[in-house]
């Protein structure tokens, strides 16, 4: 075997045309799993758009950094009035759009007004809800007045949905995006790849990559061979945690496990019998073996959670001890509920592997306590339609990736069908509370209530698995937002 | 010195012995007839000479051709011999030519291969050769494809291929068996002329003693891979010294003993009053022409053209004609397996044309059929009992199992088979026995009429004689009327009272068998009679020639 | 000849029309409202109704079919829901991957299969035949996607000779582009070659038993010459039939292989479209592939006439 | 395409002797019987319980305990293959059943009636053939939901024209035979003749086609399951196992190798069996005239 490999590899080297021998590499192929539907971040919610364009092609006044912090971007600096309602941004000068036109305050006003207009198709119009007016003071200064103070405003305008576009090209960005970033769009081979090249006119610190190709690799199965064969040199959102151990052993690659804001949960339809009964939901929680689920569905990567809060969050309360894996207890609870003979239910699973794999494991675990789950794999469109919109489901598995989203449990008509006035009150209080300690207490209480009610089966916090060539550096480790910021990425010697 | 000298040739295929100690020789310009029944090894002998045997075959002995040891020759040497010094003509003209190549290509191919002639030269020679075998290039250009030719024409092409390079030896393996008598006579004439012209040796293989007698100077009689007798044709056949020779010759000329012939119709006032069993009145059958385009069709082909005749109860009638004359179509219409385009057919006075299957049941009880192919006419998946009992389907009252077995046993007994044969499958019977089964099936309902379509033409002569006897016997015993469809005049002569000659869809002559065959009136009848090989006549002529 | 041609043509057209009806009907009965799908979850009922009218979804069934079929004829396949570009543009982008892939695979399978078939038929029953046909049997039994996985690990991951997948586009250079089609083409071609070799062999063996082969041998032609000159052409009809079926299979059957190698071809387009419920794309591509299959079958029918003079002269 | 075949005339005992001296048939028969036996045994016994996931044992390499290793849920792959045989065979077999059940009567009808009926059946065949089978199967399962039942239907639909075609061609070769004429002369109707004479004589032909379609069905099920549209968990099937294995080729190649080999061996066995049957019925090895 070894000998053969040596011989064949030698043959391969002879055949290869020696292109790899060049010294400083400036091109990069990055793997992404989902293809963006179009390339305008101000007109669509798909994370794939930001994964390609955010911070690379388009920039906002501010931007979000690798650890979720707010950084200046097109705005060099800003001042905030004492009442917290007036923001004055000083813009960088000498900034040009990729089409050669100059960037100035008019473009900022245009972009923000366009995003919050009545006929706007911006997917996150809520970000701009607080804005009252946008004024051009001079070509390098913009003043934004808010209706009321909003502590998250600078964070909000750092989102991909708030990037600055030029009026001339705003309508064609879907096909041919034109921004101010360090890379400009070159080509989109639909279904295959999107290529960016270095912009010569960039105002900021020059990037070290000349060319970046985002290769679309929809199948987890293809991701590993694509990496191993060297076709793709980086996969920042690697879809196949199972193979991580394998790749870790390969010295050619660096594997970085980071955090996301994704609480992975077994969602339960709280209004549908028998799930409307507390004992049944608790029984499910006792029946779940989180370690097995994390090992089986996420290759052991991921931190168990006991309620809807990221362990990295300051407000996190460890409630994982509330429902330890205990089959007897689960059976007992079911017996109390009069279901000692078990029952049947369906488990609808969206496409991601955490759901499909986790679903099989959970089905097996619940079978041990007499709950017979029929697995129904669904596509995202079906999931959104049947589960999320029509609430036609018993159980499902999904990762809620939005940051600080515990309030979803208080939303009316949310697909959990959960209704608890006490919890709603806490969330309402939270919105009116600015005192940090008080907030922490309230958030702790909220977590406790959700856990006590066993609203859903809390599983684990989704990890961000990044894999890239060991010679590369500058990628984000965590995922405060879904983006592949290439500005600091470079090949080392 | 002989051109071909076969000495002590033995051959096995796998473990099965096929030939043992065969001796045979052909001199230049001589016609050697090789005669035998099926399985006698005559075709294998020919293929051995050509060295075209399956590779499992092992031959020993010696074959010398023109001084070359054939069995020891290399494949290259054989390729040089084949087609150049030895030509071969096969039995089945319909399949002997490559359907995707023109006749010109196929004739020229051998010429080019052996002589390295240019394409033009080879084509020129091919054209001449085709002209010689009776396919003038005006009507039959080289660009014709085989499917555009008739069977007889194709056999001429095969002969042209075989004789293109004027071989020293021509081997003809049953060259006329698939053709009707008139074509047979033409092809035999052609072969005879070609042999004489080029002083070729001809090894003529046939099962038909009459054909061989007409053609061959000397004859070798083969049976089960062994030579029974060999020698001068006329002497061998007239003296019939070997018992097998005698058996063959007598079977070929066999006429069953018929105590009472049935001469009715015009001649017999007593029976004239009786109603005819079958009346065919002005029956015509057209087949739609081929579609020329989406809307147009060629004019329809008329297979049967305004035919009328009748058959009386107990009468035995032959319907004789060349292949394609419409006799089988007519038979199918009589059997109500096909409907006429116009005209009516009455059976026992009732019209049977245009009737539903249910209405036909009573008629079917009294009318049965015997087919030509003893192999194809039985469903191999069913046992004899079920097969022979099949016509009982038309009985009004379904017989019980016991009754059925009894009826089958009786029918089998009548055709000379035993009741134990009932539980066998058809493949356990020989060809002759199967034809007996076929007859048993036909008589089980005690029909008044049996239509027999070439019932003995697939059988070896000795078997054929037995089956003809059986037909004659049943005719006497059961009083069943026959309609024999045949192209073989000896069969007609042997067991029929009357003969109808059919030509191009019409019945052109009808009369007492002996009268029509001895003194044919119509052109068609004359041609048939003239072409039909006749062993008596052939031997007589040979003897006469030799003085 | 013309009658034969016209009949085949008429049959092809009838099949095409029936197929379009089936496609239309199947997509009609699919649960889910395309307008709702296009607008997403937050659209109001009025908006959906408006779009339904715009898309002509409220017109009578027959009218809608005619409109749709008319669009197909003028290559107007509509717009993709997910990419919101004309479907024809997507198809144009993808077909430059799928068609070359199918053609390479077809060529590869023919180049392998015909000589193997000839070799085997010429040595009917002997060791060479047994070995070749044993290998062919194995080739038929191997699922092509599994074979593809094995190829990827051998040639792309282990030896790093060719890319593991993806397609750089023809603009990256013909050689580079072809290189990324090599493995998929092999994965597709080998099982097909196995089938074709078996068909070629059995067709040849059947032909070799024909009387006219004996006639040709009796002419003095050596066996090899007979095999090439007489047998091969006569054996072409079953071989052509299988070739026709294979082209159809290859063009559409790339669906799994294109997924394994993440090639942006028609197969993956349709697969993606199915999972994304982009029905316009699905129906257009399916119709296109069906038309291709029918066209290839027609071509095969016509090639019969070229090979076989009996069909040609049929009046 | 015209179909030419001869009807075997041996009786059962002869055929049996021939069958068991035919290398192809024998190999195919042994493999097929083995696979079938494994599937049956799996109902009563497997080395490990495949319904229990033991995550702690996941992706273990082949060992004396787990002969073929374990999968990503710690299930024994050997046991999975045993149970998977059941589902793979069931899907393919029922699909063949659908194809035969609908296709053979259609083909026989077309051959018996001819004319318009024949034309209609043939056009219907053309229609189904015009749809690339796998693509359409994917479409059907994607639209009506993935699962074994829909996979069966999708594969079964495409078996219908195959059997219709073979039955029709076979029947057309039988109808001009003299024994059919004899039956007609005995007053039997077309339906009765079809039942009594035509079908029994094309059974072997259908059997050969059946093994081929069976093998193709196993491949098709594997293909559908491989793209996630066939058999659904927790039911194991070979294609499903490959689906699970595709992301773990590097880490646990045995997960892909063994189910893949199970498919190859089974399909090979079936094809050899079909070849063997066809061989036994080969006209050349039989009576000479």
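Should a chain be cited, it is by its letter among A, B, C and D, assigned in written order, with residues numbered from 1 in that chain.
Rule of thumb we're sticking to: a contact is a pair of C-beta atoms (placed from the backbone, for glycine too) under 8 Å apart; a residue touches a chain by one contact, two chains touch by 3 or more.
Everything numeric in this text was worked out from a predicted model, so none of it was measured.
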| item | value |
| --- | --- |
| Separation of chain D from chain A in steps, with touching chains one step apart | 1 |
| Greatest separation from chain B - chain, by CA centre | A |
| Rounded Å distance, chain B centre to chain C centre (Cα mean) | 50 |
| Geometric centre distance via CA averages, chain C-chain A, whole Å | 39 |
| Cα-centroid distance, chain C relative to chain D, in whole angstrom | 22 |
| Centre-of-Cα separation between chain B and chain A, whole angstrom | 87 |
| Residues of chain A whose C-beta touches two or more other chains | 219, 221, 225, 228 |
| Of all residues in chain D, the ones touching two or more other chains | 246, 249-250 |
| Residues of chain C touching at least two other chains | 149, 152-153, 157, 259, 275 |
| All chain pairs that touch each other | A-C, A-D, B-C, B-D, C-D |
| Partner chain B, residues of chain C touching it in the complex | 2-3, 6-7, 10, 210-212, 214-223, 225, 229-230, 233-234, 307-310, 313-315 |
| Residues of chain A defined as touching chain D within the complex | 219-221, 223-225, 228, 240, 242-243, 245-246, 291-293, 295-296, 353, 357, 359-361, 363-365, 367, 375-377 |
| Chain B to chain C touching residues, read off their complex | 50, 52, 75-76, 79-84, 87-88, 90, 92, 95-102, 106, 109-110, 113-114, 145, 147-148, 158, 161-162, 290-294, 298 |
| Chain A contact footprint on chain D (complex, rising order) | 51-53, 55-56, 58, 72-73, 145-146, 228, 232-234, 246-251 |
| Of chain B, residues touching chain D in the complex | 38, 335, 337, 357, 360-361, 364, 367-369, 371-373, 375-382, 387, 390-391, 393-394, 425-428, 441 |
